[in-house]
Each structure stands twice: as C-alpha cells, then as structure tokens.
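Every chain is named by a letter (A, B and C) in the order it is written, and numbering of its residues begins at 1.
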Amino acid sequence: MLKINWFSPLLPARSGIANYAMQVLPVLAKNHEVVLWTDQDQVSPEVHEIARVARYDPAAPPWREINNGSVSIYHLGNQPDFHAGIWRVCMQQSGIVVLHDLCLHDFFYMLSVRHGKGRDGYFSAMERWYGPEGRQNAEVFCAGGLSAEYMAQKFPLTREAARNALGVVTHSIRVLEELNELPACPVAALDLAYAAAPEPRYRTWLALRDGAPYPPYRLIVLGYLNRNRRLGPLLEALAGMREREQFRLEICGQLWDESHIREQIERLGLSAIASLHGYLSDDQVEQKLSAAHLAINLRYPSMGEASGSQLQSWDYGLPTLVTSTKWYASLPRDAAAFVRPEHEIADIQAHLRAFLADPRAFRTMGARGRQSLKNHDPENYADAMTRFATEALRLAPRVSALALARKIGNDLTNWLPAEASPYLLERVSKEIYTIFVEGRRG
Amino acid sequence: MRVLVVTSGVPFVRGNAEILAENLTDALRAAGHAAELFAIPFKHCPPDRISSQILACRLLDLTESCGARIDRIVGLKFPAYLVPHPNKVVWLLHQHRTAYELWDHPTAGDLIAYPGGPVVREAIRQADRELIPEAQAVYTLSKNVSARLRRFSGIAAEPLYHPPANALLFSKSSASDYFFFPNPIDCANRQWLAMQAVALCRERVRIRFAGNAGSLIPQAKSVNKLKLSDRVEWLGVLSEDQERDLYANCLAVVFPPLDDDYSYVALEAMLSSKPIITSSDSGSPLEFVLDRQTGLVAQPTPQSLADAMDTLWTDRRCAAAMGEAGRARYGDLHINWANVVEKLLC
Amino acid sequence: MVILIATVRIPFVYGGAEILAEGLRRVLIKAGHRVEIVAIPFKPYPPQRILDQMLASKLLDLTEAAGMRVDRLIGLKFPAYLIPHPRKVIWMIHQHRQAYDLWRHPLSDLDKDAHGEQVRAAIQCADRELNALTGHVFAISQNVADRLRTYCGVDARRLYHPPEEASLFYRAPAEDFLYFPSRINPLKRQDLILEALALTRSKVRVCFSGPASEPAFERRCQALVRAAGLAGRVEWLGMVSSEAKRDLYARSLGVVFPPVDEDYGYITLEAMLARKPVVTCQDSGGPLEFVADHQTGIVAEPRPAALAEAMDELWEDRPQAAQWGEAGRARYGDLDIGWDRVVENLLA
C-alpha cells in the first residue's frame, strides 16, 4: 500500500485533468492512502468524499505533512493557473510526473513571465535542452519574431518537466518518442483513464438519439475551445457545402474568442446552422452529447495531450472527426474519421458528405469507439500507475546518487584537469553508489 | 599501538560526546598507546549537504602517517565513524537520530521539514547499513542504542559502558532526610512527574532538585498549585563538588527520565552507594538498576513514584542496603576505562 | 567575531604548523574573539590520494557552527585552505611544495609517481582559486609569498609572527659551542655542518638537538662523525625541553641553521631573541629574511669549506660574535614581529 500525495487540478477547476482525476482517484483511494493537495480556493464536495483534501501554499509547502506520504504524484499541463503551484512543489521534491500535455513550451514561458520571476528561468531551460540555438530562438520568440505554435512544436521542453522526476507517466508514448523528448528517468505509457458509462445508460442515450428527429444531423464541438480546436476551418468547411442545411453545429464550451466566432458565423451566413452554448453543466452536456450524431474533435496543433473529450464522445458511441496528428493519429483507424492538417477544409467536407451518404457506417464507427474504451478502464490505469510508482521508488536512490554525482562532477570541472579525472571520478562514483544504493557487501 | 579516535564535531560545541572522546583518548594513552583525537567538522543543516559530508569522510585516509601504520581507528559519531580503515572499531554513541526514531519528533525532527528530507534519510540509513559493518567490531553506548541499531540497520552490537567523569570522587557520606533529583540538561527528565508524586506521598518526603523551577516551562504555573514549598527545594546551578556532596548525603536518588540513552546519574548514584528510584520507561537507568535490590522501578505515574518514595522514606535500612548493593553492582559491571580500552583494541 | 582556523594535522606529528595554529588561536581569544581550530587529517601519499583529500576539503561546510555565523575562516595549510567559505583569509604556512618548488627535487616523491603530473596539475588548478582572494592572502614569510607569486601568480603579503614563548628567551655569556636545534633530517642539512666541521681551523664544537625520524640520514651523520674523527666535538641531545632549549640558546656562542629553502624558520628568530649570531646559507630561504650577512650573522655558500670559514669566524672573534648577536636582537625589534600585527591583518 502506498501513501500517495496527489497534486492535480480538482473540481470545480475547469480543467480536463480535474475530470480525469474523478475517474482515477476513487480507484486509487480504495487500495492506497491518498491525500489530495491543492492550492485552489475551492474544491467541490464530491472530491472531499473521495479522499482527504489538504491545502498547501506553493511558496511554503508544509513538508512535514507531505513527508508523511511515500510518494508524490504531480500532474502537469500547459495552464499555469492550474499547474504553477504543482510545478513549484515538484521542483523541490522528486515524484512521479504525469504529463497531460507533452508540449509544455507555453507553460514554461508563461510561468516565468506571468509569475514575475523574469525570463531567466525560461531562457535557462531553453538553453539547457536545446543549446545556444534554443536560447536564440527563445529570445526571438520573446521579441515577437516567432509564433507560440512554432515554439511549442520545435521546443516542447518536455524533458524540463521531467527534470527532477522519479518517473514520468504519459498517455501518448509514441508522441513522446516522435518529439525526441524521452527523459532520463523511467517512463510509463498508460492509456488515459476513462470510466465508460454502464451499458443500460448507454442504451438510454442511443434511444434518445434515435428518438429525436433527423436530419438535420447534429454536429457537436465540446470543451475548452481555443484556436487549436479549428472552429474557423470547420465553419469555412460548412459554409462551402451545399449540403450544409442538413447539419446543425452545436458549439458547447468556453470560447477563446467568442466575438470573433460570432462574427465569423454571421459573415459566413451560418447563423441558422451554428449555435453557441457556452460552458455547460454536466446534465446539459449529457443532453447535448446524447442528441448528437457526430462529434468534431479537431486539434491542431496538438500539445501531445490525450483527449478526455475524445473518450467522452466514444462513451456516447459518437463517431468523431479528429485531426491526424500526435495522439489522435494513433487512434484505431476504424473508430474515428481523420482530417489531414494540410487539407482540413477538404477533408472535413469529404467526411461530412460521407456521413450523409452512409450514416450507419459512421454509427458503427462510434460503436467501435465505445468498445475501445475497454483499454481505458480506470482500474487498470490506477493499478499500472501504482505499480510504476512502486518501481520508481525502488530506483529512487539512484536518482539521488546521480544528482549528487552530477553536482560534484560540475564542481570538479573547476579544478580537476582531464588527466586526473578518471581516477577521482571512479573513486567518487563508487563511494556515492555505496552511500545511496548498495555496496560491496557479501 | 597507534590509535586514532575519530569523531564528528561542531566547532564551539563541547558536550558529553566531546568529553567522552577526550576521556577515551586519555585512557588510551594511559594504557600506553599512542593516541590522537580527530574531530571532523559536521554541519547537519541544510540536510542536502549531509551526503556530501558523508562522502568527505569516505575520502579521508587514516591508514598511515609518515610511512608508519595507524593500527586502529575508533569511530564514535556519524558521519566520522564512516571513515574507511581496515582495522576500525565503531563505538556508536548514537546514529543521526532524526533519520531514525526522531524522524517525526514534534520539535527535534528536522529532516522531515525539508523537501529533500526523505532522500537524505534514505542516504543516511543506507550509508549506516552498508558501512558500519565494515568495522571489525561494533559497540554502542547502551542497550537503547543497540536496540535502535538492530531495529533500523539490522546490525547487532554490544553495549560498552563507560564511567562518568571523575568517577573516583563520588562517595557516600550520610543518609539525610531528602531525595536528590540531579539535572542533566535534557527536557525529558521529568521533574514535573516527580513533583506530582511528592504531592501524593503519605510521608512528608523532601526532594531537592538541581536546577531552577523556571526551567519547567510548560508546568511552571502549576507548580505553585501543588503547595509544596516546604517539601521541594530548587538548588539552582550546582558545581560538580556541590553535586557530589548532594549525592553523598541524600537518602536516595530520584531519576525517572523518559527513555534516556545513557544515564550518568544512575552511575553516579551507584558510585555514591545510593538507591535509585526510576521508572519502567526510563531507558538507561534500567540497565543498571535492579528493582528492589539496588533501587525501585516504578510505573511512570505520580502514584507509583509516590509509593516508591514512601517506601524508602520509611525503611532507611532497606535504602542503605540497596545503596550498598548498587555500589557492588557498579563494580560487577566493570565500568571503567581500562575495560573500554581493552574491548576497543582487542 | 566567530573565527575558525582551518589547518591540517598529520597524525602523531606535532610541529611548527601546530604551534602556529595554537599561537594564533590563543592570541585571537585574548583579543576577545571566539576561535576554534579545525584540523583535518592529511596523508599526502600515494599522490592520487591527495585528490581525494582535496575533494574532501571542498565538501566540508564551515559557514556556520553552533547556530552562529562563522565570520572568518583562516586557512593555513594545503588542502585545508580549500574548505569553502565566503570570508576566507589565507595565512599560508606553505602550499604543497612538491607540486611547485620541490617538483623534481631529489627528495620529492610526487614527480617520481606515475600519476604525479596529473596530481600536480590538479593542485595547481585548485590553488588558482587563491587569485580570487586578493587582499586576503598572506604568507608566513617573504619566501613563501615569493613562491606564491612565482608559481601561482598570486599576490601575497608576508606576515611574520613570533616564535612560541618569545619573551622567555635570554642571553648568557657565550660558551664554547655552536647550537644547531632542528629535526634531524636531510632538508635541515646537519650533514653539511658535519662536513664543514672536518674542515675548520679551530676545534669548533656543535651541539645538535631535535628528534630524529630518518634512520638512513642518521646513519650518514654517524658515518661522517667517525670518518672525520669528530666524536669529541659534536653532541647529539635528542629532544630537549623548552627550558633546556632556551638554556642552550642562551649559552651558545652562536646558532647554526643552514636548511634548504626553509619556509620560515623559528630558529632564526629564537636565536635573535637570545641575542646570538646566526650562520645560515644562501639557499636557506626563510632565515635570509632575518640574517644580515656580517651584521647579525653570516650567510655562507652551501659548501662545507664556506661553512667552515663561517664557523671559524665566530669561534675566533668572540666580541664580534657577541656584537652581531646584539644587532640581531635590534633587527628583530625593527621588524615589528608581533601577534598584534597578525591579528590586525587577518581580521581586516
């Protein structure tokens, strides 16, 4: 049994990770002692029912209490509001780092700019992992000469997030490899946890869907809608189709730039087709999803996240349009419809026409999506996570040994000439190893 | 033999461990050996510097000087007892306690309050576990320390007792009407418990405390409520001569600390041929006091201690006999520097 | 102030460095400071071990002690002066000379070791940190300061200090012997004096005192005594008490002290305090800062014939010897050698 210090956004925080936590924590709390650490002002009552919630001040974490636990699990993502405090604790005490986004350039940039520490932290990180080239690009970026999207893809800074970690959990191992950001510590590749609704409930949703009149077919876009959700191209695609009258587009969720979208809808003459619903309650979301026929879950560029909304759409047996990039590109070919980033509008239109031509094929696609949720069972997820944490703890002394060796090695470069190094380095390594890990006994 | 006594020290701090190291070095010389004392500086905070200092000790070389072998080193404290030597004996006064039983102590626990604390704790434990057994022999200060060493590090070690300072100057004089409660500087000594006991005594026992009532900070206000001013006396800071005198003339020594590691008080009482009233949770005194033979072991409650005090107050002959038995026991225990030197060098 | 003196102690060796550290400690305490000596053990062989102990020094932490900030760390010897501290002052007794002026010296072992070069490079590299301590590097003599400049480019100021119990030295009427107090070893060159004695005109007598620790050298000296028939003219007193030593200084005609490149040389100062002339050599190092040739003693070439001349000169002109002795005492006064000066400089 582990005593887990869990650091993540918690409801009512508007973060997909808070929802994910609600999937995983009940399982974890069954078999382990869990303390939920938060720097939020509010935490929903339903969270309190799962495990003890403890507050911390990121400027002065209560180490006495934290050190009662055996391992800390830190959840990182791009939003500094949700993750800055967690990162601060994570930097001081090694633990398991769960990377919900893999491209974290935005996070590290905003962290240093927003939290008043100046840009030095960000520049150091860029130089640490990408050398002088990284630093130069960082400077150009700060001067406005490069886009954030470019920086995020070219300099993801994933390894920065893993710097102190005992182990890293990712939901998109292939992406991590493609980004070339595999950290030095052990890595666990897990399928993002999602507890599928029980069959009876699912059938209710299907019944609701079939019960409502169609056409028009209801397209749904759901979640925290930034620019990378591709609303623009979607609206353009619809506007360019004669068949657009057969569809209704429900845009549900907090919009990055509501007035801009409204303006675009009007300009494109889609006012009768597209509607904005803003942030919805859970009940309202359920209503919308159970009435929808096709979910549009485009992301470009992706930050390497695994999408909870995708799994949610599958929960409702919804077919989805996804962008063929990063994690989404790894989804089963028969459980989603793929849109190429460089042919967005054309591909969207092609899929929409295909849908009209054969709605049942898309329905099957949705059913297959729901089936693949088996791989995302929170029980398996929690079990894999804790086994990984246990193993990482076992290897933890090596991390400390390496850290000390690195520090001493650095100091030695000030006075130890290369010729004399092999002897002393070997001598010191042996002793450090003995002190931290094991020795020459037996 | 050429012997080095190696200990860890904090500059400007001279406590019992430092005095012991000096006495050991003197005893080695008195036994005809060439002996020197090295105190390697050790700073325990910030905790993330501890591993470096362990490493520093491991890098020292005490095997020879000027071409002549150093026959043995005796390691006393962490991390100095980790200095490598093919012929090392560890006389473990104590390990780095906040990595062990004092980890979560409300005031003493320091590692637990640091983010890197658990890592340092593991390193200290691993280093002890791995490197103490390099020694040819391991002894400890007392059974308490041996028990902890076995429990935490899986290492078996015998206690090796040593005499208090100026052991030869203790003696018996009279057996006057008072109990003596000496005061080593340690808040776990429980004078308060003894005072509560006095309030419950049937007899009009008197007790004289070394030190000042003001040091009983948490309970100071309650002291007056007990209305014991005619039975309790606070003697202030005492010179060594004054202390020995109080030992020499008391009826018995009352000393019920909480889990003490090594009680010079118990030994001083025995050297003064006085019985000791102590408690079943006192730790070190229990290694020396034989219940109802050289003293009384009470429960750690005011009533139980009061009963013990009443017993000795009324039966003076018994008290005297126990005192003599205590003195004899001291002899039987071979608590002298010659014995220490013999064990450490054999 | 809270002050720590960082030095090195070789187990079972008690010599000049210990005396100096202890003297400094007492003087600082008298000046009202809290002072302790931190002595780390040092075994300078085999050469690679030196690297271990350099690193060990750098891993120690003396920035605070017993809840007090340590205001100053005074480093005296290698490698203890490598212990890090933000307010460090060096009063260099000597560096690890085998990496510098004794490199390739017949008596040195560093250059003869397979790893000698690497270790030497490391020592020199580490010593470069002294450059950062400008204004805070002192040396016990000009000799040591000069070596620091020559080999490390470090600007060090000489800072003399008195020998132990300086006020207890005295003069008595000169008797028929020269006095040579010193550890009996090749660097002190008792053999050179024996060879010189074989060549003197007069029947010069020399008393040697001091511990012997090099059997081979002792045998050489005995052989020289036998060969030149000097048995009646030399006396080997071994270790003598401080009083006995002062008595010998007092009654001697003069002091003979011809070491090789000595760092400092308490003996020279003790002779001056006892108002006695000193015979030393041109390559003796420290003593040359104090002995003025043919004014307070004689600075001879390091050859038996030259030393024989010198000893004869003292032996045959007693009034001149006495006068040089007095001049030596005056010179000591002129040099302002006092602990006050030391404290002032180290704590500035």
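Note that a contact is a pair of C-beta atoms (placed from the backbone, for glycine too) under 8 Å apart; a residue touches a chain by one contact, two chains touch by 3 or more.
The model shown is predicted, which means the values in this text are computed figures rather than measured ones.
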| item | value |
| --- | --- |
| Pair joined by the larger number of C-beta contacts - A-B, A-C | A-B |
| From chain A, the most remote chain by mean C-alpha position | C |
| Centre distance in Å when chain B and chain C are each reduced to the mean of their C-alpha atoms | 45 |
| Geometric centre distance via CA averages, chain B-chain A, whole Å | 57 |
| Chain centre separation in whole Å, for chain C relative to chain A (CA means) | 70 |
| Residues of chain A whose C-beta touches two or more other chains | 408, 427-428 |
| Chain B, residues touching no fewer than two other chains | 52, 55, 59 |
| Chain C: positions in contact with at least two other chains | 52, 55, 59 |
| Complex interface listing, chain C residues touching chain B | 2, 4, 9-13, 34, 36, 38-41, 43, 49, 52-53, 55-57, 59-66, 68, 70, 213 |
| For the chain B and chain A complex, residues of the former touching the latter | 51-52, 54-55, 58-59, 104, 109, 112-119, 122-123, 126-127, 130-131, 133 |
| Chain C-facing residues of chain B, complex | 2, 4, 10-13, 34, 36, 38-41, 43, 49, 52-53, 55-57, 59-66, 68, 70 |
| Chain A residues touching chain B - in the complex, by the definition given at the top | 61, 63-64, 66-68, 89, 92-94, 396-397, 400, 404, 408, 427-428, 431-432, 434-439, 441 |
| Contacting residues of chain A [partner chain C, same complex] | 408, 411-412, 414-417, 419-420, 423-424, 427-428 |
